[in-house]
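So, here come the structures, one by one.
Consider the two complexes below, in which chain A is the common component and chain B and chain C are the respective partners.
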Partner chain A sequence: MHFRTKESMTGYLSLLPAFAALAAIVFYPMVNTFFHSFTKWNGAESHWIGLRNYTFIFTNGELWTLLRNNAVFLLSIPGILLLSLVVSVLLFEEVRGWRFFRSLYYIPTILSSVVVGMLMKMMFAQSGVVNQLLHALGLTDGKTEWLTQVPTAFMVLIFCFYWQTLGQGALIFLSGLSAISHEIFESADLDGAGWWQRLFHITIPSLVPTIVYFTVTNAIYCFIGLFSLVYAVTQGGPGRETTPIDYMIYIKAFQTPDQLGYASALSIVLFAIALLASWVQIRLSNRYQD
Partner chain B sequence: MQSNQRKALALLLAGSLALLSACGSNDANGSNGTGSASASGGTASASSASAGASTGEKTKLVFWNTSYPTIDENDKTKKKEDFYIYKAIARYEAANPNVEIVIQDIPDGTNAMTKFQTAGIANNGPDVTNLWSGNYTMDLKSFIQPLNDYLKPSDIDAMTGWNAVTENFADKGTIYGVPDGSDGTIGILYNKKLFAAAGLDPEQNPPATYDDFVAMLQKLKDSGVTPIGSEQDGDFVYFLDYWFAQTVGTPGINDIVNGKMNFNNPKLLQVMQGYVQLYKNGFVTNDQPQTQFYNRKVALIFGGYGYLNDARAALGDDLGMMKIPDFNAEVLVKNGGIGGTGADFVVSKSSKHPEEAVKFILFLVSKEEQVARFKDGYGKLLNLKNVDPGEFTNDPYVVKQQEWAGEPSTIFWPDNIYPSELSDYISSMNELVVKQQLDVRDFLVKLDQKRDEINKQR
Partner chain C sequence: MASRKALPVRLIVYAVLVAIAIVDFYPIVYMAVNSSRTSVDFFQNPGGLPDAWHLDNFKALYYRFDVLRLFGNTLLDALLAFAVTIVLSVPASFAFAKLRFPYRSGLYMIVIATMAIPGITFVIPNFVLMSRLGLVDHPGSVILIWAVTAVPSNIFLLVALMRGIPNEVLEAGKIDGISYVQTLARIVMPLSVPGIVTLAIFNTTGWWNDLFTPLIFLQSDDLKTMTVAVATILKRFDTDYPLLLAGLFMTSIPPIAIYVALQSHIKKGLVIGSVK
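Now for the complex of A and B:
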């Protein structure tokens, strides 16, 4: 065998284990899900029903509520982006106690969503510590039902999302800030640029790739990563008013008999939406960067 | 060098093939050791049991326990062996030395059904478990062994509640479970002292209709106490479902399920309006209803036999019990309640020993064992024919619950008659109704839409 052929054979065979693993744990489930999205499937038996699952998804009105719920989380991303940016800049500027705060902000990130969710559920219960505190301060009657009213339930969920993401966001932006040359800041100082001028004309423009990365990853998270948080805090309620698409996939697949095919179809729809949202964001950010 | 390269390539190939074969294996044995502890236990039991049959070793039966208490919230030091189910298993194993029961605690309700379904798909379910009866069980029948071949007529004759575990709720047909006791009849548990302070004596003057009920609640409220403690979903299953069911009757519930009648009809709309008015009048709290009732801060809760022991322990002689008043004089079923056999034992299709599994179930529901668990304070009444619970208890309310359970006015759990998806949807949406975030007519329209969608998908 020719040496180059042997070399390329070695290359391909070296790739084989990783490809086999990907095929088994990523591609096979994806193809399987795609196939079953056209079937009525109870996990044991399936039969072909064509596009009926998709027809139900797009006509029963449920999808729009689910999308609205995902959109609420999506719209909360600028808030956490801003917060992470401010915190990272303060840490970067080494304000008093920055070492302590750097650790403090990162702690919630290492906690599981379920732990954060259960903690918040207890805190925001009607007889929880939040109501007790607000009552002690004379701000409310201490009987606010945070998790049974739609706006406040969303507020608690977004608070959890922020709380858990802040540490990670600050870390990402800190690494972005560290990559900016000190010389630029020094020359801006010499030119008499103030703190705000440096922030808006040097820091933020230099951080655009980091902002794009942070936004895209969190947008994807808002479509596919909310399950554990929602499950732990509101279980999608009241009603189905805080149920995002990934939680509905769980409900349909594992809490509703014979609906694994429907859940598969909903997964395909979610995949398409997440793909589209990421593509739009990357296109927009490319244009902005140019 | 070339030899080393060949060896490395061979190793890579072998690794890839091993990975593929490991991931590709989807039979019961293939999933051994990769699932959760309990799931792998289930498979292990099956394989070891089949081995045991040929080698004379013990037959292992895995029992997913969803209902028998194995933790005492008030006494965390209580040993497992001191709980009824462990004692019962010890008795069974002593009588059947060739059988070993492996008990695994599983969360109750819909979580149990989720776990049972996923285990069924992976073909590593338990030998025996508890599920909710009716359509909750029937919806999982793809993973449940039909039991007709394992049950003798005498087994069936000894107990009530077989309709709840038979396909289409028929008197005869495919049986998918063994009825597990009775939940009694859901009524009202109330605090006599708080009622007396409000000038009320429901033993002498029980409220007969909705209007009487509202007048009674108003007096309680005026006395400075919160009248009703209710769960977040507004106790749809315990309370509102009774007013629904008594208004349209059991055949009406079946008509609603089949789409011959709509939820959105004038009678049920009137019921919904009356129900929501209780919330509008400030009669209800949804914050920890049982705890507040036991702490004497709430005057009444809706509940059946399942709550009786705890309520008696908390309130002693101050505990009262009455039936839920009829919604109005025109209802089809009067002076009744919701209840019956709400749970069953099933044998999963993954079981390699269905005969042994049924034998174990019949032991658990035998007269001796039902009486033993009843005396132990377990939250289910007896579903044995010709047995007087008065022989085993001095509590008049327990006796009364058993009497109520046998009355024809006790309507079998409608949520077990609805498709389980619809029951789950109703409970979810009712949360919005009780918080007045969803109009009652819209609620009923949504239920009809959901019912139609489910029927269409079937």
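Now for the complex of A and C:
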């Protein structure tokens, strides 16, 4: 008995530093944000205003613009999913040099979103190389202002998102593919299954857990990871037309005076969305884990 | 499934892969090539090659923007944050992996759930806290926040790894009568080196690339990290594209170098959790 209690004590003491640090930097600030979401707050003084921040968020229409902007990114996920799948299946054919391609595709993934965003902003500038290329191909007049119009600004942002995500997709789908046992493929060959049959009856179904993982992690990214990219490329403009929720929290908290209560309420809304997304992730990954 | 394919099919596969490779790699070449042009030369033909290779932009980064200092800031902040995060994560991970005590799995679930909380949702109280402690515009704030927010995912990876340490090794240590701290330092840490290396790669490249935390907590130019400096200081000169590109290129070199040198570690770490 004495031994057990000693082990318990050691256990709790080992956890203490990590939990104390998390309490100070994550748990307490989270509670603090929740409390201040019911106040008008300038960082020093706050007074209680009840649900006014929330009613304002849900009624002034701004939230729907923000959510629409997040939704645009969400809706772009199937495209990059398909692209990653195609690339992985082609690479899995073990064409000569597939390792080289895999490494090459991965390089954009390791760059900072800031670097990617600023680089693409220059390439898509009015006098930039993309316009130059499109003009040379005779596709446009070469004077497109990509970032001042909403649809094209989103196209540039989504291009950055795709450019950064393909490497991750190819990497995890390739490891998903190599986890499929060779015997399944061999028995399919013996049964005389063709390439397409094998693709749709074996390869794709076996990849479902990986597809779920890729989709959910990128969906979460579309709610909480866009800040740097938006900061570097559009700064949320034109107007607020490309501003996702996390960028709006930054604007309200650090670029607008006396809006910390409002920013806190917006943070709680984002927190609820993130919780929901994680719950979906857990549910789905349990379902596909036999 | 390396079946023999007809030649035309293989050619199409290659064409697709090469086309994607070009779209993937051209921007990086563009960044590298144009960072050694003058801005006059650049604006005459943004897609072309330099008329001559200049190093003026890199000299400007060195003399006018003190790029070595920015590199040093980032490296120092990241190393200190890594030391802090390891000191916090290793004992907790060992307890979760190898010790038995009440509420262990409940506490572990709390740590795992913390990974889902977006950083931006608790940044405002932290900013208020850090300004009361006098740590705003001081590297301490960035180091603390980087280190602590990395703890949950670091514990997640280390626990998975430490569960594999054979109990016999730990028992042998107990029989030799070494203390708990010695067990951690002499047995657990050395056996966890592969995991700690993976964490070092992921944490430090993540921090190197991070904009949000240093953007909010550091204001003086001479304290900034490289990524923030590029996004703020160099942006003031955003009509001088080649200079900006040289800055972006220099910011990209460390992550690319780490990736090229340590590819196998990175792949292992990234794939954890994705397959089943």
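One rule holds for everything that comes next: the second predicted complex is superposed on the first by the 274 of 290 C-alpha atoms of A that agree within 3 Å, B and C clash if a C-alpha of one lies under 4 Å from a C-alpha of the other, contacts with A are read in each partner's own complex, and residues count from 1 in each chain.
In the analysis below, a contact is a pair of C-beta atoms (placed from the backbone, for glycine too) under 8 Å apart; a residue touches a chain by one contact, two chains touch by 3 or more.
Because the structure is predicted, anything quoted here is derived from the model rather than measured.
> If we overlay the two complexes on their shared chain A, which of chain B and chain C does A:Tyr221 touch? Say first, second, both or neither.
A:Tyr221 contacts neither chain B nor chain C.
> Per the overlay, which chain contacts more chain A residues, chain B or chain C?
Partner with more touched residues of chain A: C.
> Determine, under the contact definition given at the top, whether A:Val87 touches first (chain B), second (chain C), both, or neither.
Touch status of A:Val87: second partner only.
> Output check: A:Ser127 vs chain B and chain C. Expected answer is one of first, second, both, neither. What do you get?
A:Ser127 contacts both chain B and chain C.
> Which of the two partners, first being chain B and second being chain C, lies in contact with A:Phe254: first, second, both, or neither?
In the superposed model, A:Phe254 contacts both chain B and chain C.
> After superposition on the shared chain, which partner residues are touched by A:Pro17: those of chain B (first), chain C (second), both, or neither?
Touch status of A:Pro17: both partners.
> Regarding the shared-chain residue A:Gly236, is it in contact with chain B (first), chain C (second), both, or neither?
In the superposed model, A:Gly236 contacts chain B only, not chain C.
> One more residue to check, A:Ile25. First (chain B), second (chain C), both or neither?
both
> With both complexes superposed on chain A, which partner does A:Phe154 reach: first (chain B), second (chain C), both or neither?
neither
> In the overlaid three-chain picture, which partner chain does A:Asn60 touch, first (chain B) or second (chain C), both, or neither?
first
> Do chain B and chain C land on any of the same chain A residues, and which?
Looking at chain A, the two contact sets intersect at 10, 13-14, 17, 21, 24-25, 28, 43, 125, 127, 254.
> For the complex, which residues does chain C have touching chain A?
My answer: residues 1-3, 5, 10, 13-14, 16-17, 20-21, 23-25, 27-28, 30-31, 43, 45-47, 87-89, 91-92, 94-96, 99-102, 104, 107, 111, 113-114, 116-129, 131, 144-145, 147-149, 151-152, 155, 180, 205, 208-212, 215-216, 227, 230-231, 235, 241, 244-245, 248, 251-252, 255-256, 258-259, 263, 267, 270-271, 273-276.
> Going by the contact rule at the top, pick out the chain A residues touching chain C in the complex.
4, 7-8, 10-15, 17-19, 21-22, 24-26, 28-30, 32-33, 36, 43, 86-87, 90-95, 101, 103-108, 110-115, 118-120, 122-123, 125, 127-129, 132-133, 163, 166-168, 171-172, 175-176, 179, 185, 189, 195, 198, 209-210, 213-214, 220, 223-224, 227-228, 231-232, 246, 249-250, 253-254, 260, 263-264, 267-268, 270-271, 274-275, 277-278, 289
> Quick one: which bits of chain B touch chain A in the complex? Just the residue numbers, please.
5, 9, 12-13, 15-16, 19-20, 23-24, 110, 113-114, 117-118, 120-121, 139-140, 142-143, 232, 286-288, 420-421, 424, 428-429, 431-432, 435, 437-438, 449, 453, 456-458
> Quick one: which bits of chain A touch chain B in the complex? Just the residue numbers, please.
So the residues of chain A in touch with chain B come to 10, 13-14, 16-17, 20-21, 23-25, 28, 40, 42-45, 52, 56, 60-61, 125-127, 143, 145, 148-150, 236-241, 251, 254-259, 262.
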